[in-house]
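After this come two complexes, each holding chain A, first together with chain B and then together with chain C.
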Partner chain A sequence: MNFLRKIFEETGKLVEKGKPLSWAYPVWEAADTIFFSTNKQTSKGPHIRDNMDIKRTMFFVVIALIPCYVFGAYNIGYLNALAMEIERGIVGNTIFGFTYVIPILIATFVAGAICELTFAIIRKHEVNEGFLVSCALIPLTMPPDVPLWQVFIGTSFGIIIGKEIFGGVGTNIFNPALTSRAFMYFAFPTKISGDKVWAVGPDGYSGATALAIPANPVEYDTASNLFAANTQFDYSTLNMFWGLIPGSIGETNKLLILLGAFFLIYCGIASWRIMVSSVLGLVFTSLLFNLLNYLTVDGIMQAGGFPNAMLTITPLQHILIGSFLFGTVFMATEPVTSSHTNKGRWIYGFLIGVLTIIIRSINPAYPEGVFLAILIMNMFAPLIDYYVVQANIKMRLARNA
Partner chain B sequence: MELFNSESKKIVSDPINVNNPISLQVLGICSALAVTIRLDQAIIMTLAVVFVLCSSNVILSLIRNYIPARVRIVIMLSVIASLVSVVDELLKAYLYDMSKQLSVFVGLIITNCIIMGRAEAFALKHGPSKAFLDGLGNSMGYGLIIIVVSFFRELFGAGTITLPDGGAGYVLWSIPESWYAAGYENIGLLVLSPGAFIILGLVIWIQREFAGVEEDA
Partner chain C sequence: MQKITIKKGHNINISGFAPREFSNAPAQKFVSISPQDFNYIKPKLLVKEGDQVSVGDALFFDKINPEVKWPSIASGTISKIVYGERRAVLDIIIEVDEEKEKNIESDKQINLSSKDNVKEFIQKHNFWPFFTQRPFNKVVNPSDSPKCIVVSLADSSPLANDLSFSLAENKEYIISALSNLKKLTDGHLYVAVRGNNFSFLSDYDFINLIQVEGPHPSGNVGVILNKVNPLNQNEVVWTVQGSHLPVLGKLFSKGIIDFSLNISIGGPAVKPSYIKSRIGARFDLYKNSLLMENVRIISGNVLTGKQVDIDGFLGFYHSSFSVIEESFERPFIGWLHPGGKSKYSVFNAYLGSNKKSFDFTTLQNGSNRAFVPVDAWEKVFPMDIFINALARSIEANDIDEMEQLGIYECDEEDVALCSFVCPSKSDVGAIIRKGLDTIYFDK
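On to the complex of A and B.
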């Protein structure tokens, strides 16, 4: 370690203030704090002594994401083997999948690092580890066959527009990973619109994702019957839980996402209130729509000429299909862009659940609505917080008056 | 008054750079978003605005001493509306395709904040030659921004660069088929209005950076 320390001390002299290389200080600082803890001390108060610094928080989120990566890679291989009608075994499938996941990961990190470093140098702020989490989340929301240059553009957009123009980590309004997902959704709809199967298969291989089946049925039926009638993939409730279905890389296996959720809650990083309340919002709204469908079965809520089959999806199926769980566990709970008060978190999460179902069910053009719901609620989080705080002030004034 | 002394130069160059009506004053945004899908539309729109703004500034400046202050808005509007009608009829007569594409947005030049704003703020207080230069500078400032925005929107959104001609537009360059075959895709978002907002925001960012304008935090 002494050897490493010496390297950093020597190179550190080169980037001191006033030296010709001083513009590179943020780069040096970032590399230095990866290996050694900083020797900078806060000169003004308030001082908070806590071993939970931003680096550790971000690192724990990345740990929680690793199982999703491994399973995502296995799933790509599994679906490919299914489409090609070959046997490859678990290890073979996983390795095959990683040949698709790793390039996406590299494209994301290269784009993220370029943007982050450029802004750190121009704006003279320190390189912030927040971009590591954003960049770790982005590939998990991508389809496996996405072109790498699109990933590059999408990531740059998310980091710059979603984060840097607001002043960097801690001052952003929108979740950067979701910003880039939303950008790619609208910019390159042929690749990422969510209604075609995202499996790496032979040319012309396609089919419907779980969400697209009730969104565009050939003939009206309840969602459960439509799932059962699909012979291409196994859309049974149990299999949708295990995640051997087409979808974005990281969102299919619900068990691993739940494990990640427990890990994050146990470490005190993510807010359980947001997760619980968003599931409550989803259950409430989907039950409401089930009831609506029951009351108006032949007619009012129509889509494409016959009753809207999206209204017949049960709450459990809504939780299992699409990226709802992934979004609510890893995206909605992001500490910067979510609500900061506990009451506010209940409202924020509940409305995410409500909006997800509304976008999914009422508008068949957008089969998946969770990322839009989270972005909309990101926008309203400061407003919710403001009114929660105001209500608290009023309550206390009334109590003490 | 000399036409090309430093003061007149400043009247023309300020609105193009450090006091740009779109990127600094954020006026005329609605039409900047609506007509920037294609480069040729933006160019024709620029010409129309140059004509209307220069003429209205000169006319209003000439009659400024006869306008009672209380009814000046009505008079300004009637002058501007007449000029816009002239442009609209001219387009219909000689550039029918373009007139159809621009549809109501030529008529909506009447409500473009830049034109009323310059009449109120400048033309009613200065002589005709200065008012003309001010109109020229502001309309060029407006045109510069919408031409830049439409260039990027059309190039990355639709994959073409179209120049105006008598008919439906002359395609100067379009992205070759071989690029599409190699996996290139147009960014569909840029054709939609949110794309215009994003590009306009980036242009404003860069323009302010170059003009050295800092807004109070």
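On to the complex of A and C.
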């Protein structure tokens, strides 16, 4: 330890103010405080401080994501073994999966670190640990086969356009990880959507995700029947919960996502209000659509586009398929880009649930609606807060009168 | 009796709470009054080094509000006037002459009937500095008429002086002080107490007794006001420190000027105790009780107090010294620490944290970062104010919005816990003060 401490003290002298290498101070500071907690003192009141800091806050989110990584890797191996019709065992499957996950992870972190450090040096501010979370989230939203150069470009776009040009962590409008995801979705659609990308198999292997099945049925049937009729994968409710189905790396196992959610809520880092209200919004809207479709099927109501298999997905199925749960727990709750008031958080979360179902069900082009729903609500979060705060102002004005 | 229960907040579990008994200490030789303890004044000295003063004599006055004068808190000699940058007066140090003080006992009965009588009496004895106002937390303007007066006898700050103990012998003086305070306002006189402390006050119907419950900052004047009678724009509320009630009571009832004060000394780096002393006491008399070398001595509480040297003095409005260790430790990968005895957090982020009383040090426990709203401030801020939105409006220098969001109801001490819990290590108190300054100097 002393040896390491000495290295930092020696190198620290090189980046002091006035030295030629002083521009590198933010990089040095980041490394220094990662290895040794800062000994920064309080200068005036409060003279004592809580032991929670941004490093730990951000790191806890990364911890919550680690199980999703492990399962994601296993699932890649499992689906590959299924496609290749071979046996590899749990460890073998996981190792196989990691050969896909780790390169994506490295590409993301290299891109993220370059952007963050460059901006820290140019702007002369300390490196904010928030980029670690963004970079840990991005690979989990990717298909396993995604080209690394696309990941590199996507991450850079997300960090720079989603965050840095607005002034960095704390002032960004859009969730950087989702900005990356959205950029790649629209820039490289062939590699991040469709049936071909979600499971690693032999050339030309294709496997429809649970969302794609009711979105493109051969002929109308209820979603439950369509799932049951699919012989390639087990789309039973239980298996969709356990997550041995095609999908982006981190989204499939719902148990681990829920565990992550409880962990973050228990630690007081993520807002349970957003999670609960977005599930409420999803349940409300999907029930409404179930009802609408029911009315058209029985001929009580006539409308173009009905009946639609997407409208027959039950609320529970909606929660389990696609990345709704992952997005709600880890993306929607991002503190900076979500609403900042508790009342606002209820509205913000609820509308994410509503928009997810609308985008999923009504528009066949985007079966995965949750990332768009969250980005749209990111945009409206300040507006929601504005009205919540205005109510407080009106209350005060009324008292004053 | 009205009861208010505060839910949002946090009682910091810091070690070194003073036991309820007085320990002996020699009499103070030096006391000081510092113009720096008073916001928004322009002091003009009336004395110079070497002058003889009697207790209560005016030492300086405020150029902006010349009728407000500051009393000498002891009889004796002005031994030193300490100047800081740009000749700001930091301390007026008085060498106490106890012989001289003995002669000022008095047993006359004072009867003050009207508001003007009381005001004149306060003016005559230079006692205005004991009266502070909200908003701005500054010494009152004597010509104002406050909408109400609040006194908190329920200080909830960490290691606070327990007034139910330290004021126990001063029952009559407290009542005399309160009855004269009531004459200063046409509105209510609110007195906040905790539990069954000061239950004798419920016999007096001129007092609006408020029983507060819940964690810090429930005993803060600002929080109590927010719950019982919120402060609106263009209104002024007066307050006095609960610990000063005996001083006021002695003056109002018998005309005695006596600045004795029972102070508490607490904190992890000192042997905690209560000591009979006086306003502006010097710390060095108690330096034998220090438990270690490298300490930070704080006049007031650990959240809002000011750092003083070992021969520094108690602030005018303070009634306690807190002492914590100056730590320079750099634990290896400390942010990954699992928890246990060495970590304290209001977040559930460390195993077993904040169960036992904790030895806090001066470590900030993290670097300053951009603000990330993880709902930490809101958990410990009990007023119906959007503190995050307010802080933003202050940073944006938008006076209209600050007023609309209720800046007048806030003071630094009310948001001190927000800074304590903030993972980004923001200083919320400084932001609030900046906003108040902006408004004050704009008008």
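Please note the rule applied: the second predicted complex is superposed on the first by the 373 of 401 C-alpha atoms of A that agree within 3 Å, B and C clash if a C-alpha of one lies under 4 Å from a C-alpha of the other, contacts with A are read in each partner's own complex, and residues count from 1 in each chain.
Just so we're on the same page, a contact is a pair of C-beta atoms (placed from the backbone, for glycine too) under 8 Å apart; a residue touches a chain by one contact, two chains touch by 3 or more.
Being a predicted model, the structure only gives us computed values, none of them experimental.
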| item | value |
| --- | --- |
| When both partners are placed on the shared chain, which of chain B and chain C touches more of chain A | C |
| Partner chain in contact with A:W23 - chain B first, chain C second, else both or neither | neither |
| Touching partner for A:F262 - first (chain B), second (chain C), both, neither | neither |
| Which of chain B and chain C A:N400 touches, first, second, both or neither | second |
| Which superposed partner A:Y387 touches (first chain B, second chain C, both, neither) | neither |
| Touching both chain B and chain C, residues of chain A | none |
| In the complex with chain C, residue positions of chain A that touch it | 1, 4-5, 29, 33-42, 44-57, 59-60, 125-126, 128-130, 168-171, 266-269, 271, 335-336, 340-342, 385, 388-389, 392-393, 395-397, 399-400 |
| Parts of chain C lying in touch with chain A, wherever the complex brings them together | 12, 14, 158, 230, 232-233, 296, 298, 300, 302-307, 322, 324, 326-336, 343-350, 353, 360-376, 378-379, 384-386, 388-389, 404-406, 412, 416-417, 419-425, 427, 429 |
| Interfacial residue positions of chain A with respect to chain B in the complex | 147, 149-150, 153, 161, 165, 183, 186-191 |
| Residues of chain B defined as touching chain A within the complex | 183, 185, 187-190, 192, 194, 198, 205 |
